[in-house]
Amino acid sequence: MMAKLLKNREILLVVAIVALVALIALRFPAFVTPASFARVYNDTSILIILALGQMAVILTRCIDLSMAANLALSGMVAAMLNNAFPGLPIPLVILAAMALGCVLGMINGTLVWKLNIPPIVVTLGTLTIYRGLIFLLTDGKWINAHEMSDAFKALPRLDLVGLPVLSWLSLLMIALMFLVMSRTPLGRAFYAVGGNPHAAVYTGIDVGRTRFFAYCLSGTLAGLSGYLWVSRYAVAYVDIAAGFELDIIAACVIGGISIAGGIGSVAGAVLGALFLGVIKNALPVINISPFAQMAISGTVIIIAVAVNARAEKRKGRVILRKAEAV
Amino acid sequence: MTDAHLSPRNIPDRLQGRGARILKSWESLLLAVAIAIFLGNSLASPYFLDPWNLSDATFNFTEKAMIAFAMALVIISGEIDLSVASIIALASTAMGYAVQLGVDTPALVAIGLGVGLVCGMVNGLLITGLGLPSIVVTIGTMSLFRGLSFIVLGDQAFTGYPESFAWFGQGYVWWVFSFEFTLFVLLAILYGVLLHKTNFGRAVYAIGNNQTAALFSGVRVARVKFILFLLTGLMAGLASICLTSRLGSTRPSIALGWELEVVTMVVLGGVNILGGSGTIPGVVLAALIMGMVTFGFGLLNVPGIVMSIFIGLLLISVIALPILWQRARRRLAH
Amino acid sequence: ENKKIALVVKALGIGFFEAANKGAQEAAKELGDVDVIYTGPTSTTAEGQIEVINSLIAQKVDAIAVSANDTDALVPALKKAMDRGIKVISWDSGVAKEGRLMHLNPSSSPLIGNMIIKLAADNLPEGGDVAVLSASATATNQNTWIAEMKKVQGNYKGINVVATVYGDDLADKSYRETQGLIQSYPNLKAIIAPTSVGIVAAAQAVTDAGKIGQINVTGLGLPSEMAGHVKSGASKSFAIWNPIDLGYSATMIAYDLIGGAEAKPGAELKMGRMGTVKLDDNNEGAMADPFVYDASNVEEFAKIF
Amino acid sequence: MKPAITLEGISKSFPGVRALSDVSLALYPGSVTALVGENGAGKSTLVKILTGIYQPDAGVIRVAEEETTFPTALAAARAGVTAIHQETVLFDELSVAENIFLGHAPRNRFGFIDWKKLNADARALLHRAGADFDPTIRLRDLGIARKHLVAIARALSVDARVVIMDEPTAALSHKEIHELYALIERLKADGKAILFISHKFDEIFRIADRYTVFRDGTMVGEGLIADVSQDDLVRMMVGRAVGSVYPKKEVAIGEPVLTVSGYRHPTEFEDINFELRRGEILGFYGLVGAGRSEFMQSLIGITRPSAGAVKLDGQVLVIRSPAEAIRAGIVYVPEERGRQGAIIGMPIFQNVTLPSLSHTSRSGFLKLANEFALAREYTSRLDLRAASLDQDVGTLSGGNQQKVVIAKWLATKPKVIILDEPTKGIDIGSKAAVHAFMSELAAEGLSVIMVSSEIPEIMGMSDRVIVMREGRIAGRFERAELTAETLVRAAAGIETQSNGRAA
């Protein structure tokens, strides 16, 4: 029973996170309070939202390296919108950021679908292009806190029943993605396309179009994150979230989402992101040099792939009858 | 044709002559682009056509190109190594540390190359030994290697490299030809021969096109891949020596983000990111193109990020255009 | 033929440097025969600055005035520039002595070091815990100021510097580091952020944690970026020198050097309307005292920079 | 009676192959039509056209006399055509229930997938297919036979009027086959039109009402099963009497070359013992999935056996990799040409010389002239048709690709050559060339192991035959005692009339 439970990736991750938290608690008991958990969760919310989008893309055997650049561009446009029209209702600004994110995702998706360019090349290219566009748009100028309206900055921090809206939004996204992945044909198509693209054709699934939708999804979530990031840190500039694409992928990998496609879950992506979030938040608290963080997350990634790969390893085909019975 | 009688039909070795093959190749397209950029630059700025300026400009790409050669082989074999920039940082940190202990230049070089090799070995063992996907492993080691330099250095820097060490990044072999540029040319030839003229190179292509079939054909797949990761590590170590020497100091953030630039260089050079095809001359041309674009824009004081948009567009369009072109031709034919 | 003076900044787009450029343009206008090339990398890396410097050398500019991302890494490139007859000075964030003719400090480092701790202490009559949120690990000036600050720490009774953390001049990292400080040190009374990015992020984090009134954020910041936080009370006061003056002075000094002035210990170089700067043994000089902003004057300066 | 679906004048070409030319077919409600033909006759291609995977180049499809097209797999399913495909088109990581319903899962009133109903429906469908296992387990945890049952259940999940089964029994055991027969009877009774593709004549005669015979992409005969004999069908399929076409040369069989004793693997095979002699062609027969390929691959070091020994020319050999096998003189021409054999994307000559590079090169440096010479020698002996030797193998037809693959291994000048399904998917002409060449090799003193699932080929070419079933040797036969029936019985495990000496 225990052994079987431990084979489940998500449960293994929960165990790892609990162990990690326990370890931190040994040195800093105050880390283990509801308020502290809420803070860590809130701090990880954006990473969670992004990891959910990346998960969809990786499930279809693609990759989206442009998510952080998309976030930065959408976030900048949201900030500029707010700056130019301070009266514009914030939900509209958010919708605009999500729409722009979606369009940027669609560009990736179209290049992958219609031109068959390898996803890594497409998103490597759009990664630099999207970030460059921010520069062209702003001449490199920052948009600072005082140039944003109070409503714009306040929304993610707004306290609703004890949790900030930012946390609620990420919970909502988790719920939505869970619904999409488990209860809609599109979500199941992500799995099918990544698991066996050849067979997906036989079940009437259009492989290219499914990938396109995965990119739309990751783009939309990146757009939402763009607004959240910019309003939370109350600043927008070319380099925000630079290099964050690798954190997103790392969260997915730690969460057991197979880079070869077809394997992974919403819970995995969330837990993977939380794992990184706990490490990020705990290090300064327990007086481990923040400089050690990078090496730690690198080691975690390597261990995670090794563990997941071992779980996925095929033991050869079962042909002998007695072997099948075992 | 003495053995013509063996076959009812005599199959020629090749259909096209060497000239036709070269003319139709990706490299000639790149060469055309390179020449266009060269001419454009000469027209746009009066400072471009100056031997010393051109020599200075080569520093923009020589270090990245050294890694790109090894990376090209790795990508042709169907793998990828994203940890190269972090290997530079770790090797540089090790050298800086050694300087504090009073080590001399030859030993520094050995340490730089040695750390590169060890890092490559770690990648190679994880990927070929445990059979893990290289993209994830090297994302992991990318954090790990640079993370180690952060642990050693924190917000500090290592300086005080010996005078003689400066030669690798700042010295000239003859006239305007810097050590780095000379090394770049030598390595281009070396890798060109390795990939295109040896059994090893053939094995790399075979693995990239069909790893299983290559294994069935007696290619030692794991060993070849292991060697490729070693080579990439070694090249990153070499680049680290040049870059450290050029900067005269080591910070853990050294060469941040270079891995993507190196991959871009390789892909722009016509190497298929999915493995199986690509050439060293292509990578050389891509390096020259990227170097000239950076320098040309720099002379016009265009910010670096605009250059990267240009490179990003170039990357997608050089792959998309042939596809679109073929489609258009097929549609016309119908 | 106009003289070409390049103003190389840590990264394009940062408000502080944009303001410095304003000052440089002002100087150019005043001088009449000067073109200012305002340039820099798009992110704060030494490699990026070296590429920029190489292309400036190729353009045969007359002078380079650089605010360095790395004290040492720029030296070889700048040496090459000087070998080709280009006058090189550093300002704001300096390069090592071999790499420049002189360095213009916005203010003297001891003055700044004293100022930042004084700002914290002035609001803490009974003393208490303070922490430092510094900028990027590769920036020189912050480390010097913090060192100077620690030298005079004894003068402020009861002020206890409990930690120094690094926000890398990234808004999100600075924000998270501040959160960590608030968590780890429940008795924290003030945060000193001698960086314009860090101080804003720290003020935001303090506001979000609901600690306005308990923790005072101070340090070096731009009035335009800090006005809101002064108003909310997250920051009672902060200091900065005028970046416009800094860009102006750097350009003026570069022009003076092009004109034949020599940079050597004891020399006085002309800075136009800012007067002159006297070089010390390290060929460094200070422009002026930092200026303190609080609720009484921040609105007025927010309109300027 | 009106046909449920009719095809008229269907043609389909692939680069280099005309898979179907002008074929017609009608399927009737409540009736089972058997489609027979040799490998590569175009049966599966027809199935794919019927299910919207491929589009025909010409011809019309009529459903209930109404002309229609199936642009996608979904369109065909909507029109009531469902199929169990020959290759498993399933998803290892998804649950059994989901594999059954992927693409048409039951939804609740909000439009979301109704998992409860899906699992319940899946359980019912599995039960109908004669399988009672938990539909919520992941597919990868099933063996091949159960996977086939899932494929059958998937076909039943569509409310179909036409059910197509492309070799559904190939991997099923005796009991499951009988349950399938019962299921087919029930479907017949429900008035479904069934197209049944099989190479096993006994089951065709048992369950089919009508037959259609394909040969090389054309329809060569159809009618009622009651009106034909097995011999008639074979003659129609092959176009000549079987047995005389195989150019087997009589060769004096020499001393043992390869001795395998006690080979076993934890899950794939066990108790494998045999000897291979000089000049001999040793046939390995079995149903698909019998484990022949797995065993052969363990001989060349792809997988490691857990016990057992190999002797080559009396010397004990330990082979850890294909490179070592090639050096020792044992080569394996793999079954999956596309994945394990040809290196698509590389020129013909480089494919041929890859395992022999150490002979054509000098101190690690390529010598192109030597390579071309070697490649030309072997490709011309196999009568390869190609425009030039630096052409990409991917541009060749399947048969010519197979020749390149065989040439590749022969160029290493082996002592023992193992050919796994050497003529799978290649046309009759090329087949003859491969067979002739095999004979010639044996006559030259090479020892040949030929793995094949085609009875005529086995019977026509082998000096001796070993039959494998479920990873074990199930029978050994000398050339003189070979009959199709004994082979089939041994392969399927029917013990009633033991002709062969069961091992």
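Which chain is which? They are A, B, C and D, in the order written, and residues in each are numbered from 1.
Criterion: a contact is a pair of C-beta atoms (placed from the backbone, for glycine too) under 8 Å apart; a residue touches a chain by one contact, two chains touch by 3 or more.
It should be emphasised that the depicted structure is a prediction, and the values quoted were computed from it without experimental measurement.
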{"item": "Of all other chains, the one whose Cα centre sits farthest from chain C", "value": "D"}
{"item": "Separation of chain B from chain D, taking each centre as the mean of its C-alpha atoms, in whole Å", "value": "44"}
{"item": "Rounded Å distance, chain A centre to chain C centre (Cα mean)", "value": "36"}
{"item": "Rounded Å distance between chain C and chain D, as computed from the means of their C-alpha atoms", "value": "74"}
{"item": "Shared-contact residues (touching 2 or more other chains) in chain B", "value": "154-155, 252, 256, 303, 305"}
{"item": "Residues of chain C whose C-beta touches two or more other chains", "value": "12, 42, 166"}
{"item": "Residues of chain A whose C-beta touches two or more other chains", "value": "135, 140, 238"}
{"item": "Chain-chain contacts as defined at top", "value": "A-B, A-C, A-D, B-C, B-D"}
{"item": "Chain A contact footprint on chain B (complex, rising order)", "value": "126, 130-133, 135-137, 139-148, 150-151, 153-155, 252, 256-257, 260, 263-264, 267, 273-274, 303, 305-306, 308-309, 311-313, 315-316, 319-320, 323-324"}
{"item": "Contact set on chain A toward chain B in their complex", "value": "63, 65, 111, 115-118, 120-122, 124-129, 131-133, 135-136, 140, 238, 243, 246, 249-250, 253, 259-260, 289, 291-302, 305-306, 309, 313"}
{"item": "Contact footprint of chain A on chain D as seen in their complex", "value": "51-53, 72-74, 77, 85, 88-94, 98, 102-103, 105, 111-113, 115, 143-144, 265-270, 289-291, 294, 303, 470-472"}
{"item": "In the complex, chain C residues that touch chain B", "value": "12, 37, 39-42, 45-48, 50-52, 54-55, 57-60, 70-73, 75-76, 80, 96, 134, 137-138, 143, 166"}
{"item": "Contacting residues of chain D [partner chain B, same complex]", "value": "300, 302, 321-323, 325-327, 332, 334, 339-346, 349-350, 354-355, 357-358, 361, 364-366, 372, 376-377, 379-381, 383-391, 408, 412"}
